[in-house]
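Heads up, there are several structures right after this.
Below are two complexes that have chain A in common, paired first with chain B and then with chain C.
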Partner chain A sequence: MIGAGKMKQYTNVLDRPLSKGKQEVSLSGFAFLFSELVQYNQTQVDNIAELERRLEDAGYAVGTRILELLCHREKGNRRETRLLGILSFVHSTVWKILFGKVADSLEKGTEHEDEYMISEKELLVNRFISIPKDMGAFNCGAFVAGIVRGVLDNAGFPAVVSAHFVPVEGLQRPRTTILIKFAEEVLQREARLG
Partner chain B sequence: MAAIYSLYIINKSGGLIFYKDYGSAGRMDTNDSLRLASLWHSMHAISQQLSPVSGCMGIELLQADTFDLHCFQSLTGTKFFVVCEPGTPHMEGLLKHIYELYTDYVLKNPFYEMEMPIRCELFDVNLAQAVQKDRVALLGR
Partner chain C sequence: MAPVAPRSGDAIFASVERVNAELFTLTYGAMVRQLLTDLEEVEEVNNQLDQMGYNIGVRLVDEFLAKSNVSRCVDFKETAEVIAKVGFKMFLGVTASVSNWDAEGTTCSIILEDNPLVDFVELPDTCQGLYYCNILSGVIRGALEMVSMKTEVTWLRDMLRGDDAFELQVKLLKQVPEEYPYKDDE
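Presenting the complex of A and B:
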């Protein structure tokens, strides 16, 4: 028969099935690209707060897309409606896809009800970066904070996310903590859902 | 007792970008180390011209009675050289390892300007570990 055994030819590139993609990317390649991203943004801004905001915005774009992709690939187009659900999604699935491992820990803040923290001994993006002394508390992990904010925002859980260095005794390098502060409406909705 | 006396890194134009002293009697102040770096850079360049065969890459080893000087030049012209005790083995391997650390912790750092003095905390930490490991390996033999 004509066409028997032949692979179906897709005329439209949008009809082709989504491939799983390459699972790994060169770490050096990424490190250089990220370094250029930081350097480029440094030339565009006057102060450190601006730089942090720009890195966060860059991460936000990534977060938006990763949420769409992972919902389709990993979760079969189901979406999270509960707070703990979306947090463990970020902590496990998103981290696994982006960094090859789940995040070190997920904690609830003790002082405020709306604060949660994802901690990592050393963020992949910070692996080769030494912050000069005169830049103070700046953390290139703002990029990762932006990614988390992008995911949460587009999943319907608006939040303010920031990255902080937390010194740990016994370790030379401080740990990095991504601090997530949810908006009021999220907590109210969560309370309503019971 | 240190097998390595000091480590220098010079950029492609001969300027000193990194100098670390590991307890030698001849510890130098900044000006002297800068002068020595540019001196070595010039000697290295002259040696390439002096060579009777073409394709010479410059001085790799200089042996004196009280010290050895091993030099490694990368493809980009950055030179790494180490002054050590006479007869210290595995210096080439160490220099290549230091070159790897340089490409990782200095070149991938967005806050490092090319050809400027190296001020990267991670580079210092990893370099200290590498030299320490080398020292332990030598003593343990």
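Presenting the complex of A and C:
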């Protein structure tokens, strides 16, 4: 219609132009949303392991989608085939887009060949969360672990990912480490590729 | 004249810490999907989203009042303007507009052109009754209840259902005078 002045209505969400990813919301808005997510899940479970699993599943969904989005927008549809490539993608690109900064460190596990660790002094999602004593080792970083697992799984690097608190001397709050344990097939493929 | 002038939505948004809207969008999507899997009934999900929004609104209003320095709103018209211009901008980074006032000044529409919650979202046929952004109606209801206004918030237009904007109708039911938890004469 000429002179209608309305935004073109796209019937299919896939036809709409992709945003540049520069839009922002307030941190407190996100913190409120995340706290409701955790609170809702607390009502649905009986124990901490279930709660962590549910948060991880929520994060998995986020990870799947962020991988698709970033591969298309940032990397021009090229995908990573090497282990170090995908790890540095997670550590730098994914972290930068989601949390505004690259992760604090990426380390290879010393005890096992298949373990890698991404560490962060203070995870964005944990900033306004305090864990009561009776919840023991529960870490809301399970959500972020889920995001990482979603990205790795869908990029073809199946892994078991978990979040742990690591106390550091000199710091009041413990550091959070995301532990990534790759499946056997990933290491075998990596060895074959040389 | 208030000693500190109220800050504009843009100024506050520039001063608070911000996160990428996509993380926010995707987290909200994950939450809605979890609700749909657990509750299965679209009406129940709508109610649950509203309830969660209510819980958020109750706490959000404190932060809003603290950061924005708005003085007490004289009437509901001013309240609605403040929510649309300052509140939405401060938390979601988008500005809304207010329109469609009724004769008594108790009902208005808040219109959102841009909504970070619905990026990349499409409603499938099985979820046609879902108010995807129902959390927003809960937030407004919860926040206003904490400042002594009982309201009813409903969706008039929803972009996910084919309309051209998001329109929330906010209706003031009554002003509840502040009640003190103690009695003076006891």
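Just so it is clear, the second predicted complex is superposed on the first by the 175 of 194 C-alpha atoms of A that agree within 3 Å, B and C clash if a C-alpha of one lies under 4 Å from a C-alpha of the other, contacts with A are read in each partner's own complex, and residues count from 1 in each chain.
Keep this in mind: a residue touches a chain if its C-beta (ideal position, glycine included) is under 8 Å from a C-beta of that chain, and two chains touch if they have at least 3 such contacts.
Being a predicted model, the structure only gives us computed values, none of them experimental.
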First (chain B), second (chain C), both or neither: which does A:Val62 touch?
second
Applying the touch criterion given at the start, work out whether A:Ile48 contacts chain B, chain C, both or neither, answering first, second, both or neither.
neither
Just chain B (first), just chain C (second), both, or neither: which does A:Ala183 touch?
neither
Touching A:Ser28, do we find chain B (first), chain C (second), both, or neither?
both
Any idea whether chain B or chain C touches more of chain A?
C
Have a look at where A:Val38 lands relative to chain B and chain C in the superposition and call it first, second, both or neither.
first
If you stack the two complexes on chain A, which partner ends up touching A:Pro132: first (chain B), second (chain C), both, or neither?
first
Considering only touches as defined above, state whether A:Val13 meets chain B (first), chain C (second), both or neither.
second
Of the partners chain B and chain C, which touch A:Val160 in the superposed model: first, second, both, neither?
neither
Looking at the overlay, does A:Phe99 come into contact with chain B only (first), chain C only (second), both, or neither?
second
Both chain B and chain C contact which residues of chain A?
28, 32, 34-37, 39
Over in the complex, which chain C residues touch chain A? Could you list them?
13, 16-24, 26-31, 33-35, 38, 48, 52, 55-56, 59-60, 63, 90-93, 116, 119-122, 135, 162, 164
Residue numbers of chain A touching chain C in their complex, please.
6-7, 9, 12-13, 19, 21, 23-30, 32-37, 39-41, 44, 54, 57-59, 61-62, 65-66, 69, 97-100, 124
If you look only at chain A, which of its residues touch chain B in the complex?
28, 31-32, 34-39, 42, 128-132, 135, 140, 172
Listed in rising order, the residues of chain B that touch chain A in the complex are 104-105, 107-111, 119-123, 125
